[in-house]
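Two complexes are shown next, each including subunit A; its partner changes from subunit B in the first to subunit C in the second.
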Partner chain A sequence: MSALSRVGPDLVPAARRVLLKRGPLLLFGALLLYLSVASSAFLSTANLLSSLTQAAPIAIVAFGLAVVVRGGGDDVVAGGIDLSIPASAALATAVISDQLANQGAGVLRALILATAAAVLVGAINVLLVTVIGLTSILSTLAMYATVVGVVRVYTANRRITVDDPTMLFVRDARPLGIPMPVWVMFAAAVAFWLLLHRSAFGMRLQAVGGNQEAAATSGIRPRPYIAASFLIAGVAAATAAVVLVARGSGSSPGIDERLLVDMVLATFVGSAFSRRNVVTVPGVMLGAILVALMSNGLILIRVDNSWIDGFKGVLILIVVAAAALQNRRRA
Partner chain B sequence: MAQPSSGREPVLEMTNISKAFPGVQALDDAGLSIRQGEVHGLVGENGAGKSTIIKILAGVYHRDAGRIVVDGSALDEVTSRAVHEHGVRFVHQELHLVPHMTVAESVFMGHELSRAGLIRRREMRRRAETFLSERLGADLDGETLIRDLGSAERKLIQIARALVDEGARLVVFDEPTAPLAAGEIERVFSAVDRLREHGVASLYVSHYLAEITRLCDRVTVFRNGTDVGSLADLDEQDHREMIRLMVGRELGQLFPDRRPERGEVVLATSGLGDGATFSDVDLEVRRGEIVGVAGLLGSGREELIDSLAGLRRSRSGHVELGGQRARVRSPADALDRGMALVPRDRRNDGLVLAMSATDNINLATLPDVARHGWILRDAADQRARRMVERLDIRPQAVERPAQLFSGGNQQKLVLARWLVAAADVLLFDEPTVGVDIGAKAEIYELMTEMADRGAGLLVASNDAAELLGVCDRVVVLVRGRIVATVRRDEVGIDELIALVTGSEEAPADGGTGAGGSPATDVEEEAR
Partner chain C sequence: MSATDRADGVKPGAWVAKYAFVAAFAGLFAFFALRTTTFLSASNLMNVLEGSMILLFVALAMTLVVSSGGIDLSVGIALDFGAWFVLIAMLEYDLAWPLAVIAGLLGGAVVGGLNAFLIVGLGVTPFLATLGTFFIGRSAQQIGTGGGGNVSFRGAPEGFQSLAGGAALGIPHELIIGAVVLAAFYVVLQRSTHGTRIHAMGLQDPAARVAGLRTRRYRTLVYVLSGATAAIGGILLSSSLRLYTPQAGFAYLLDAIAAVFIGASMHPRSRPNVLGTLVGVLFLGVVGNGLDLLGLDFNLKAALRGGILVVALALAFLVSRRGSAASASGD
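Entry: the complex of A and B
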């Protein structure tokens, strides 16, 4: 301690601050470094591209979550969160697959119905959160369970295989050598970035989430903004569904589970990338890519699949705990 | 209708305004008239109807009766949109800002500049910076985050938000200096002065009469839901008249006389520091003594009190309670050793709002009214009733939840808790912030009574008049260090403020503080 304080009394608190703020990123950095040393395949183009492809659905649902978190505030309990997005994505995936494979529908009709279904889930969330006044973590968790149940009944818990040419195109096409799902992710990122960071709507949404009274006294009525955020999350879920259907050539049971953990992890890891330490669209995308890289890398070094989920759970706890500690220091 | 005959045409005319809430006539035939370009003060005790009439103007409440004319047009239905269109803007008491938003974003909150749906960030930044520097005298970077600003700067951002569209004809300031320290207030004042230069009228609501006389051209006094008088050409001599109108009688003295009997040392610190906000603090509080701690926001004043109370860890030095070294780790720990904190934000930190007055009063001393862990309701009620009577808490209904008492009475409920606790050392943080003059006098009386019964009091406050009025000695903190200790009869308010703001060198140590001069009278109700 005395040796340290000779180096500079401000060094220790400064180091602690950096560790708290950037700790989750440092952790990821160390892990990725280890993975690239431990597996020669990790840094191969093939693995990087496949990781990006896997990141696509995670990033897209996480964009939806980012919108809800912005509008509800980033307090994990009282703030805004939407855990039902992965279930909506699973629902939309099932609807697209069923329409294309069993109902003989065209792609456009399948997409419209899938979006409607996901937005309907969002609308129910709006009812629960803004009209009835439940906390969003509680109501969307219940909605997650409900919608997952609906999907199981709807699909009889079976796989639906899709061989629609448009979906196969999304799966196989590689413009400029980059897989189509990655392009979809980039396009969604630009759209959500404009919406959240460059539109008056996004700015007002942030005001609503940051301080509802401030927003109200500035002439912004909070409720419509919060309502819109849940509906937009539904649109994000439907968009992710397109990538999911293409990647899996249809819908299969259980895709929602991993997506839930990955989405939450990507979103909150992402906030460590931002100057303001809040959830941002670029941060979320980087977060999703990190999560996908990590999952892939762990598989490459033959870590058992069952371990990977537990590992991610611990990571979420570390990230959220670091954020909480930081908030406590600021208070 | 109203013809603009001269520049003295009222920008706002509210007449015969009445408003009743269940059980209370909040406003009864009240009136308020503000001329173009003037700064108009509005004063009155808590509950006099100031906030009600402002909320009616803001469209939050709807009047039962009366007439409202804004800028020549009579408004039948007052909505926030309608008054905004007529150029009325509000600067609310609370800091309505988002910590992680930038200065530019905050200034333009609600009226963002956009083109084709997209925000014009650079334009917003430029306009915000220009407006802040030219109109409010604040040179800030538009990209700075709100959380990196001081509270005066945050207030200026709020003012800028109200004014930046240049459509303001009348700005309503509700207690704008409440969260600010003495040195920071001048920046808000000069912002109001600049408004007047630009012909924008202000309605300025404040508890601080000195601010009213410093800033306002005229003042309207409210009492019991109606306007009881107006004064113009204000100066310090008008304080007494304002107070007379506010309370409806001559108020004898704000601060009680006292001749302290000092006993042994009950609280002592030596070399106390928290490694960041204060250091090397040596203090001594004796039985029967009231010691003040003066300091600006950020001087370490709040942190010192918090760390004594166990809410914050100290890193160096030590504390002695009753002559014995004590490590206080939490307020409960402190209470076990006979030291209690009456916190700054009583409504939030001091009371459990949903619990009854009885429960709140007995909260810290439940074992006294319990047997084998079971609370004896009768004993608890009796004790609460005694305190309610003694402190004149109204209404005298001990089973009523704390949230249904008015601000001043809530304050007294917290005080009652520590009176029954019979603590040896009492720490007060801002004991009268946001309290009207009548309740202030009562709180000072109680503090004095506690000291007379043998407790030692340490009082941290932002209000120099209060410290000199009620304390025997005042230690002055500047940037975390004690720079002076003064006796109440040694210095005036101006000198204390000069010491606190660091604009004057410390005099020789005042040392012992036997027998302060009595009778600091209401006329010194000033900062």
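Entry: the complex of A and C
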């Protein structure tokens, strides 16, 4: 490093800093540029809107994850994380579909039951994390496995098709030319942004996540905040389920796994876009949109399915490595 | 291994919590013994032991990494690479089987090496680094097998097949290998200076560094060894099935993490430890075997297994809840 800075006193370190700081963004920019050159369909309105529609459930579950990460601190192993959100979303999707298709329930009842189911999963997480004292990665991973199993028993691992008019409306309606799921994503983004970044609750939650003892000393009891974060994550899962049911016209087995991958990817890629490398609502939404655009683009240019996971892995690593190197520099 | 070795930890009813997990283990054991005629037979108990061996290697790898303060989400990939490389080395490079076994171990070590590069070299957090490795490894297997086909080697050499299938003095080779590796891990991690240093690194990395520990070197070794250890499991899997199935290792990830933390909960200071991990592995082995014998529906089994895991973790952690919850994750 010192050898480098001798060569170009200011220019080289400055260039390095910019490259590291903006590296993830530049990389995504370059990839998107390449995709738009390689496939003429990539920049078409239809493809952009369909990418946004795909991003919607990813973004909404990732908002839920953002709340938990804020409250638990962003050390993934010791801090806050909720890997059970995608399983809760799958559960809520199954409940909505089953209620509408098989039980003859109205939309309101289906939504209430689905939200109750997802929040119940959150409540069990609360019990495991705040009362019993399991680390959140461990309890939510075990809950993920359990809930996925429960969904499989509940649906007999079969598809449930829904033709409820409200759900079809969410699927097909396009107010101002923008699909309804995208509106749901925007609405959720605004709600979560207000909650996390503009409310007293959000500030206290962040204080708890930053340093539990300091927060406790200044009169904030950490436990209720951590508990609330897991319950809110359940609500996010249920919201995502509405979009999932509408988009897929029902529930299909195995939606949880892809959602888990994309949620984690969107959240941590998203945090690399914030100034201090923390999880923020706008960052998470940007992350989800980029993940969806990339998946779509890679399919458009006919990249073999086998390579797509690898692309995502390399991308995760470049983004988080850039962020890590930047942090190290600052330290 | 007393959970209440400190005077301030003893509280009324603490002993109930202390033995809650042991009681649950015993209760489950008794339940399976009463409900099925075959569970208690010598040959079935042998099945449980043998069936636990692959998880044992993966869980030992995880114990090592968690002791050092990290986590390894790519242990399943290391297992896969071990299983894959050992067969390819014999099938396509005509190596003698002992050399092929070394190739398999190297396959796992390469996975660990990539993790070490990302974590030690670039400063990426273990969760995200090993998650990235997980995606890349998954993709690599898809690409390498032309979209996820099996690699079968029915005519594998006798010597190789006997690694998992053979026996010496009536004791299956698999158990002997397991016992040797277990003993080696116990000695290194619990009874040697190296182990103390790895635990020190896991508890207080900055302090360990200030005290002159070469944490970079140790951490690199930890991840490489973790990959190689998980690969032993893969090699045995290939030996017994004479078949490599891409991504078979993923199934062991959650169980390995659970076994390590069940084990950690039995330690006076909630640290991951080799013998505790063994108890966790045997517990999961008993649950899996018992549920199989009950002849339940596949989906129901998945749900029950998850539920039992959640309850077991909860019971196990009731023990360490008071007094030492802060050090549970080794942060």
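One rule holds in what follows: the second predicted complex is superposed on the first by the 289 of 331 C-alpha atoms of A that agree within 3 Å, B and C clash if a C-alpha of one lies under 4 Å from a C-alpha of the other, contacts with A are read in each partner's own complex, and residues count from 1 in each chain.
Definition applied: a residue touches a chain if its C-beta (ideal position, glycine included) is under 8 Å from a C-beta of that chain, and two chains touch if they have at least 3 such contacts.
This structure is a prediction, so every number in the text was calculated from the model and none was measured.
J.: Going by the contact rule set out at the top, does A:G313 touch subunit B (first), subunit C (second), both, or neither?
T.: Touch partner of A:G313: subunit C, not subunit B.
J.: Report for A:V264: first if it touches subunit B alone, second if subunit C alone, otherwise both or neither.
T.: After superposition on chain A, A:V264 lies in contact with subunit C alone.
J.: Let me test your reading of the model: by the given contact rule, A:M203 touches which partner, first (subunit B), second (subunit C), both or neither?
T.: So A:M203 only meets subunit B here.
J.: Given the touch rule stated above, what does A:G133 touch, subunit B (first), subunit C (second), both, or neither?
T.: second
J.: Looking at A:V153, would you say it contacts subunit B, subunit C, both, or neither? Reply first, second, both or neither.
T.: second
J.: According to the stated criteria, A:A324 is in contact with first (subunit B), second (subunit C), both, or neither; which is it?
T.: second
J.: Check the contacts made with subunit A and report whether subunit B or subunit C touches more of its residues.
T.: Counting contacted residues of subunit A, the larger count belongs to C.
J.: Which partner chains sit in contact with A:L141 here, subunit B, subunit C, both or neither? Use first/second/both/neither.
T.: A:L141 contacts subunit C only, not subunit B.
J.: Mind sorting out which residues of subunit A both subunit B and subunit C touch, each in its own complex?
T.: none
J.: What residues on subunit B touch subunit A, complex-wise?
T.: Residues 80-81, 84, 90, 92, 94, 96-101, 105, 108-112, 114, 117-119, 121, 145, 147, 161.
J.: Under the stated contact criterion, what part of subunit C meets subunit A in this complex?
T.: Residues in contact with subunit A: 69-71, 118, 122-129, 131-140, 142-143, 147-148, 254, 257-258, 261, 297, 299-307, 309-310, 313-314, 317-318, 320-321, 325, 328-331.
J.: What does subunit A use to touch subunit B in their complex?
T.: Per the stated touch rule, the residues are 194, 198-204, 206-207, 209-211, 213-215, 217-220, 275-278, 330.
J.: State the interface residues of subunit A toward subunit C in the complex, per the touch definition above.
T.: Counting only subunit A, the residues touching subunit C are 75-78, 124, 127-128, 132-135, 137-139, 141-143, 145-150, 152-153, 156-157, 261, 264, 268, 304-314, 316-317, 320-321, 324-325, 327-328.
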